[in-house]
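First chain A sits with chain B, and in the next complex the same chain sits with chain C.
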Partner chain A sequence: MRRENAGQIRILEAFFSALVIFSAFAVSSNIPVSQNVSRSSDLASIGMQALIKLDFDGSLGRYIDDGNWTGLREVLGVVLPEGTSFNLTVYNEQMVQLNSAVISNSEFGSQTVTCAEYICVSQRSAFHSYIVRLYLAMAA
Partner chain B sequence: MPAVSVDTFFACSLMVMLVLSAMAITTKLVFPSMNATSNRNLAERYKETSKYLLLNTGKPSNWGQNSQTALETFGLAKPNTDSEYDLDRDKVSRLNTENAYGLSYPDMFTSLEIPDLSFRIKIEPLFEVSTKLAGAFLSGDDTVYEFEISTDKQGAPVSAQLKIYVVAGEYLNSMSVLVTNGRISQNITLSNSVGGPALLIVLARSLYNDKIVSFDALAFAHNSSQPISRRTLLKLSPLDYSLNVSLLDSTIVLTDAHALTFSYNSTLLLTSNTTMSTTYAIPRFLDDSMTVLVVTGWNSTTFFAEWTIYPQVPVENGADLANSSTLSSIFSFTYLVTIDSSIYECTIWVGGPKE
Partner chain C sequence: MRKISTFRKDNSGQLLIVAALVIALLISSTTVYVYELGKETEVTDTQRLDDFVFAIKQATHNAMISSLANVSNEGNSVALTTNLYKLAEILRTMNHFAVCNLTFTPLNDSTYNSGVWLSWNTPGLGVTSAYSDFTLKAYTTETSVESNYAVNVTTEIMVNGFYTQLNSTEKLVNLTAVIYDEKGPVLAKNMSIQYENAGEWLTVDSSNSLSITDYGNGTYSVSFIVSTASETIPVSAHIFDLRNVYVRANTTCFST
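Up next, the complex of A and B:
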């Protein structure tokens, strides 16, 4: 190669480099990308919906009044969407835990855990209010 | 080969590998971050749209009951309700294409009035009931059928109370069964003097909550040939507590119609009758969960029992998003909805065009 053509070769190299970089961006933008949208806000929302639906006819208060923790765990397992891990804790007004058994379907791993907090009032003649905390995560 | 050519070859290979790696890394790491804000906005907009479908009654607000009125705006909520995500039984039934008054996706899309969004709706019970005929044997003048019934949610057993109805000819019988571990083997005895085919209806209710319901139905041969598939002879369309029966063959003669719920059952009252169509009134039971409607009759010399459910769930209607190549960014949203006193799961997929 003659010394006087070296500049032209450098321009060609720069041109091809730029072409390669821009084509990389152009091609990669068209490669399908899976949507990795966080579902934590949706989970909290559906957890809250589940508690509201169960409380609409007073069922939630009845489970707590009766200490029916098995029933509450089974119902939550059916109502919450497939693949949801949950752990529910019931407190009284003094924030003393009431549930004597664990109301959960599985252990939480390293997933993002979200929480829905709901105040439930018993529909029986004696007034009782409960604070229900429902922790939720998508099973790994 | 001269050493300089080998050097050039390795240098070129290295460069190609670097470019390919850069493309892959750019795709997986940089683009999602670059699109994150736009995706968040899209997700928020699509979520609001999906909520709009479930929280608004549409226009006119009674478009579900009135099949003659033109639908102006799409919305599935029940009018005058004091509960959120409370859907109208008839609007949900009209999503089902089995219903003669069912809406097509173009009807729904046009009436939603958001031209840049496509959507799909699915409403289904919270758990599944599955019925299988395991065997049959003769016992004197009777035939005993053994059914395996399971109640589960994605494989996890659900404890439930079952109400089992058997319809065959003019025979109608029911029994209550408890399923504690999600599986039961149940024997049904039918007299050999009863003509078939027979229809087994299983209504299930969670043992711990009356609002969680599901069902299954299974037609089986009894003193007869195999039952013909559904919707071959009749098209059943429940709407506004009235069951319209469209006869698909002029030789059909209807004999009976029944409404079956978990707690009650009743024979349906005939309200009108023309050559190819019959209408029955559906009673409003105190138990307003799902009602199975069974119509029996004869096609020439063959007995049949056709059935449907009111509200007509499970139902899925909308755009074919899975096979669409013109859409990107499809988001799905899950809700718990009630139809009268029962809870169902509703999934809405919303997608927009590629930008």
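Up next, the complex of A and C:
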């Protein structure tokens, strides 16, 4: 009886082996994607929270109103975690770029770049709103 | 030797079952791990949407401050509504990671008109305020959120005082002014004092020996000397808070 079933067991073993191999492929292909998405979302969230923090007392709007791009770059360097590369662009309501100087701390390399988009309303009595795009990457 | 061989043959099925169990365990644990990773990503997306909603709330708050600073400083009374419409329109057209729709209802009641309340004639009290309800709906491909909230921006001044007769014409006026915003006492960015003499409002300056003491907690003590024959001295305190919102309050000083 056992000898007669030996072939069937081999087939079952082969089936299980194939299942294991395909499962491994399926699972391993998902893992890096999930991690990348998670890291990218984390970085975007960090960027958004940094901009919220800067805008809490209207400081972000004041830097933009005054065209103080150097001050904005310096303060961003303080609020963002160490080792974060950033590049910020400020647009007006018509999506015309306002910053005349580059607001960045370093060039982006080959690392993944993520973007946080933020709307900043100035507290000054003349209503001005700005669209701020903060590109972020973790230094390698 | 024979005994061992028999034992192996007898247990080969059990070994297969154990191997299958181990493999099943490996597959299950890997599946659980991947599921947990997926859940973590979902949590991060929710976090991003929460940040996004918070950022929009901050933008509406700043728009309210900007509008109130405008209206209180001889601006257009409909500035609040106009600015909020602009903001809602910009949010609709922005290319966020989320699509959002902001609607608002400025408060209209016995005190607020189109979301703005300027009350500068109550003796000893001045109020400049804006209030509006908001509904924000935001959607991403993964999740959505609806948030109902209200924004109140208020600057208030309470002022009272008295005077001491120095000689036949000169009087020393002492005032106490306390400034609040919607959260509590705040500092003033700028303060000026006027008094009424013979039907004319005059600005108090250094020629009146003006002295302002800032206690650093929103309370200001003001003293100055005026020359007037009147037995009562109407005084007006005008302030801009740190957000450039203007408010004033009048009070009448009597002799101590």
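Following the convention adopted for this analysis, the second predicted complex is superposed on the first by the 102 of 140 C-alpha atoms of A that agree within 3 Å, B and C clash if a C-alpha of one lies under 4 Å from a C-alpha of the other, contacts with A are read in each partner's own complex, and residues count from 1 in each chain.
Everything that follows uses one rule, which is that a contact is a pair of C-beta atoms (placed from the backbone, for glycine too) under 8 Å apart; a residue touches a chain by one contact, two chains touch by 3 or more.
Since we're looking at a predicted model, the values are computed, not measured.
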So, A:56: does it touch chain B (first), chain C (second), both, or neither?
-> both
Which holds for A:20: it touches chain B only (first), chain C only (second), both, or neither?
-> both
Should A:131 be classified as contacting the first partner (chain B), the second (chain C), both, or neither?
-> second
Partner chain(s) touched by A:67 [first = chain B, second = chain C, both, neither] | neither
Is A:44 touching the first partner chain B, the second partner chain C, both, or neither of them?
-> second
So, does A:9 touch the first partner chain B, the second partner chain C, both, or neither?
-> second
With the two structures laid over each other on chain A, which partner does A:75 touch: chain B (first), chain C (second), both, or neither?
-> first
Where on chain A do chain B and chain C both make contact?
-> 20, 24, 27, 31, 35, 37, 42, 49, 52, 56
Enumerate the contact residues on chain B facing chain A in the complex.
-> 19, 22-24, 26-28, 31-32, 35, 39, 43, 47, 83-85, 126-127, 153-154, 156, 158-159, 206-209, 211-212, 329-331, 333-336, 338, 341, 343, 345
Of all residues in chain A, which touch chain C in the complex?
-> 2, 9, 13, 16, 19-20, 23-24, 27, 30-31, 34-35, 37-38, 41-42, 44-45, 48-49, 51-52, 55-56, 58, 61, 93, 117-129, 131
Within their complex, state which residues of chain A touch chain B.
-> 20, 24-25, 27-29, 31, 33, 35-37, 42, 46, 49-50, 52-54, 56-57, 59, 63, 68, 70-72, 74-75, 77-79, 81-83
Write out the stretch or stretches of chain C touching chain A in their complex.
-> 9, 16, 20, 23, 26-27, 30-31, 34, 37-38, 40-41, 44-45, 47-48, 51-52, 54-56, 58-60, 62-63, 65-67, 69-70, 73, 75, 79, 82-83, 86-87, 90-91, 94-97, 243-244
